[in-house]
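Each chain gets a letter, A, B, C and D, in the order it is written, and its residues are counted from 1.
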Amino acid sequence: MSTKNIQVGIIGGAGYTGGELIRLLIHHPQVTVNFIHSRSQAGKPVANTHQDLLGDTDLQFTDDLSALTNGSIDVLFLCLGHGESKKFVAENTIHDNIKIIDLANDFRLQANAVAGNRTFVYGLPELNKAAIQQAQNIANPGCFATAIQVGLLPLAQAGLLGEVYTTGITGSTGAGQSLSATSHFSWRANNIQAYKTLTHQHLGEIVQSISQLNGAAETRGGINFVPWRGDFTRGIFISSQLNSDLSLPELQTLYKEFYADAAFTHISDEPIFLKQVVNTNKAIIQLEKVGTKLVVHSAIDNLLKGASGQAVQNMNLMFGVEERTGLGLKPGGF
Amino acid sequence: MSTKNIQVGIIGGAGYTGGELIRLLIHHPQVTVNFIHSRSQAGKPVANTHQDLLGDTDLQFTDDLSALTNGSIDVLFLCLGHGESKKFVAENTIHDNIKIIDLANDFRLQANAVAGNRTFVYGLPELNKAAIQQAQNIANPGCFATAIQVGLLPLAQAGLLGEVYTTGITGSTGAGQSLSATSHFSWRANNIQAYKTLTHQHLGEIVQSISQLNGAAETRGGINFVPWRGDFTRGIFISSQLNSDLSLPELQTLYKEFYADAAFTHISDEPIFLKQVVNTNKAIIQLEKVGTKLVVHSAIDNLLKGASGQAVQNMNLMFGVEERTGLGLKPGGF
Amino acid sequence: MSTKNIQVGIIGGAGYTGGELIRLLIHHPQVTVNFIHSRSQAGKPVANTHQDLLGDTDLQFTDDLSALTNGSIDVLFLCLGHGESKKFVAENTIHDNIKIIDLANDFRLQANAVAGNRTFVYGLPELNKAAIQQAQNIANPGCFATAIQVGLLPLAQAGLLGEVYTTGITGSTGAGQSLSATSHFSWRANNIQAYKTLTHQHLGEIVQSISQLNGAAETRGGINFVPWRGDFTRGIFISSQLNSDLSLPELQTLYKEFYADAAFTHISDEPIFLKQVVNTNKAIIQLEKVGTKLVVHSAIDNLLKGASGQAVQNMNLMFGVEERTGLGLKPGGF
Amino acid sequence: MSTKNIQVGIIGGAGYTGGELIRLLIHHPQVTVNFIHSRSQAGKPVANTHQDLLGDTDLQFTDDLSALTNGSIDVLFLCLGHGESKKFVAENTIHDNIKIIDLANDFRLQANAVAGNRTFVYGLPELNKAAIQQAQNIANPGCFATAIQVGLLPLAQAGLLGEVYTTGITGSTGAGQSLSATSHFSWRANNIQAYKTLTHQHLGEIVQSISQLNGAAETRGGINFVPWRGDFTRGIFISSQLNSDLSLPELQTLYKEFYADAAFTHISDEPIFLKQVVNTNKAIIQLEKVGTKLVVHSAIDNLLKGASGQAVQNMNLMFGVEERTGLGLKPGGF
């Protein structure tokens, strides 16, 4: 085992993805959490905000950003609202030696991937592992984007991806911790609603990845995606329908070969369900075929493989640490 | 108001649909529940099995079927497992004057709609209201079948229905009260799973209805349907994706005209959600259009508009009672 | 059946209890909803706010209060935040002929029960039915207060109520529709928390009722009450522990006699559970005895028997309408 | 760090506690899972039964028990139904060198703690840490018993524990994976019910522990306990009411001193909630005082601190491994 010690700084540690990152990193054997920045909570114990950390850590939030320039950290995680990462990078001097992993959507599209002298690599290990290992800066993928892509990438690489009709359902943590009518328990409990029908902001990064593998995807169909709000807190479940000339065994072989080296992505021969992945960094996939129609089911935990877990996976790859380190999580199970 | 008094018999009153029917009929102003048959519970109070009826009714289950021949009832509801209705009708003498409403799937397809001298009309009022008013026997539609059809019938009638990609999610009561691994609370809570992918048994009746309106539907595409198990008890939410050349206003006009006379089916201009219909007999529909793609969302309560509520609606139509009678239900709301 | 037509006005119709009251009153056979006041929603359809009423009503909110003075209504329901009812009554001229039913806690304690020339009767029919029938003004009881009292009143009347240790759990609608950290779905789902331990604001009205029946209750012990936040939307479940010298059969007789005339309160010989009463106006009670210890379980729907349903029950009593009218609700069941 | 490698065998690996134990032990850095016994699943992959372990382990169930005699394991976990552990120990020859940790209730009471030449130590580290470190055999405490005891032990040790009125709520996994009416999702969702009122089987071990510290507890009052079934899968939340002459600061000092060395038990100065401990091995406690009344709230995860997590904690203590090893679990959080 490498004895590397990675000094980590976190910007925006009071939110959902920041909290989940802290929950992971305090147990990561090769990480020291150097600082956790929060303007609103500066000086207060992290366990006051993330109360499930009672007894696990004495860390406090800080508003001191001197570590950005004095070289005391190796990597900086940005857990900010969408649009704020770009601002943060522009407004702060960050030492060139510090790697950045951004969990927002600011740098995911190639058109937005350059900020000053930094270029961001799209951090989906199933697509870009080699580039991630060399990267100085990572744009961590979106949660729905991750769940949908893992279900489609093998077909895209094989040039076999036509038009796709996708429905996906997400837990309430996908919407962050801000209060809104649709985040009220009285509304959301036992409820289902579609939102951002065919216009979800993750479609851009999905199409970009597919095009990277399968140049003409857009002209051959595209991804029609209907997201639903689910009445649970964690997880994303996806069913994508499309045409395919391959048989089920051919498809299973294609997928298993594509993911042979994936640390967290698995093809199941049995019916999958959401809770198989909740509280883990895994992505699971199940294929079904009836006539010419293929249905690809996939599932992830939106806060882990869909956010903070994948960010740690990317950090491991960037620092030459074994990819699963700190991510051998006990599933919630129930 | 008509002063009609409808004498009702129920076969299979101990299950979910039987219980829901009892909950409705004991408050129906023009119904007397003559008997509720249950072999297993004969002699015991109905409120022992359906415990939420404590204080609401003194009715007891009976195993006496003499009312089937002595003319003391006007209508018989069959709330039996799929396949058992056909057997029940074959094995019992039922007076010709007694109307039958079957809640199972035994008589829904035209190929199965005749049993002895009885012919069953498919009891979807949005499709067959005139026939239902004249019918002696009703095959009450399936829950998913109802929810999907109300979203597609206007297009089918207009001859504009092409291939459809549908995802639907159902509550646990859709699977009945038998115990199984996927009905265990520890499994189902906070979980999602696909099942019967592209092969759900309701596809037959859906395609039959569409063909009735839009003869060549099957040849023009068909319905690709992925059902999901949801982590709630009541309700079905559907999103169907398809191509359409009509504009959104044209589509909304088409739908509103089609449902102008529908007692319980409404088009919403606002985003819909499942709990708008839970504990009601309503079906609600929302249309969204992006580019050439149309998405039709629809929602019902699977035990009411998807089963026992629609059965009472059919009874009202058959007996010339105002269609909404006994179905002015307070929504659960939360 | 009486042919009375009761003209109703509602103040504060946009909140939870206002919405639930509207859901009840639009189906009440002897009520006409004359106006629903909401400053924030004036001019908009009621079904825009209470979206489950889509297709059920064309009523609109109004900010016109002229009905308060012109005699066009018979009864006014106040569905305002605690403290605002007193202000509303002080600041508005309300015709003397108009009865008032207040759902807040402003007038529940005798020390606060007089406002101008109006005196408010505590509207718990199980305690004060005769007074309610004669009342011009009603202070509708609190939800926890109702659930706890129905479990203790028979003992209090018999002079047998000593010190009580009570735990109760409430659904999220008990806290109203305002957004807060503990009303966020991500927090409340699958969670339990105690709050207002031993200091809940309903203790005052509970002790007042017990004293009314059992003068020295306070000096003999008092009610020690720990409320919990539950991870469901509707309902209250209570377990009260106390000493009793009576046998279980003696206790059951005592309770059944006390509630012999109660329209909605029932003693169950079987184990009770919360969903027996959800979406109904019922209160149910179960007694258990081990050694000298008595445990009284009770359950209600906090928005119905604990708020708007009891308000309608009180209205029925005040206007000489059969007590159950408009409250023969289909239970949610599941 | 010790380099100890503990060879583990598991009997009854197909159930809930067996599964949770496997989830923990496959990531424990000083454990090798030697075998997992299941008669019904022999030869099949463990991940077929515990499907959330897909990709995490290639272990298979076995029906081969030769390791019990050939000395290839160091410790045996019994994850059997209550009553079956005693039978298993009687019917199988188990090498004297093998330590046993029983998760059932067979050996918890001193009257039952001897089986052949084995004597079982009650494995609550907060009570018996020194004895556990020396023990050859452990009777792992019950889930409710653990949650209630951690809230009362400091008072018992101080001789200050009088009569206690306790209410507790448990998740569905507390009842195991067998199917029953009250484990059906349609019943349990959004529901609450009391059961085993004042007669729960864990009372024996609770009273035994209190007597061990505070000899006359039983004669001075006893524990009156009302358990509730909750509508969530994991966790136990307790509120115990009792009289106390100590002030809140005195009580907090008493508790903090008692748990100064506890690895997983923490006193919170803030209001606690169930999800702080879900998916962790922690027990958390909050004290509140009003007048002479003390309320102690406590919470654990019933499958971890209440079962398999505590079993691993006991194993660590027995083998001289740091107590927290393998138990630094990421909380579920949401």
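Odds and ends about this structure:
Assume contacts are C-beta pairs under 8 Å (C-beta built on N, C-alpha and C of every residue); 3 or more make two chains touch, one makes a residue touch a chain.
These numbers were taken from a predicted model, which means no experiment stands behind them.
Relative to the C-alpha centre of subunit C, the farthest chain centre belongs to A. The greater number of contacting C-beta pairs, out of the two interfaces B-D and C-D, is seen for C-D.
For the pair subunit C and subunit D, the distance between C-alpha centroids works out to 41 Å.
Measuring from the averaged C-alpha position of subunit A to that of subunit D gives a distance of 34 Å.
Subunit B and subunit D, compared by their mean Cα positions, are separated by 47 Å.
Residues of subunit D in contact with at least two other chains: 16, 171-173, 186-187, 189-190, 231-234, 272-273, 275, 278, 334. Within the complex formed with subunit D, the subunit A residues making contact are 16, 19-20, 23-24, 27, 48, 50-56, 171-173, 189-190, 233-234, 264, 266, 268, 270, 272-273, 275-280, 282, 284, 303, 328-334. The residues of subunit C lying in touch with subunit A in their complex are 16, 171-173, 177, 179-181, 183-190, 231-233.
Those residues of subunit B that touch subunit A in the shared complex are 165, 167, 169, 186-187, 189-195, 197-199, 224, 226, 228, 230-235, 237, 239, 241, 271-275, 278, 286, 288, 290-291, 293, 295, 297, 299, 334.
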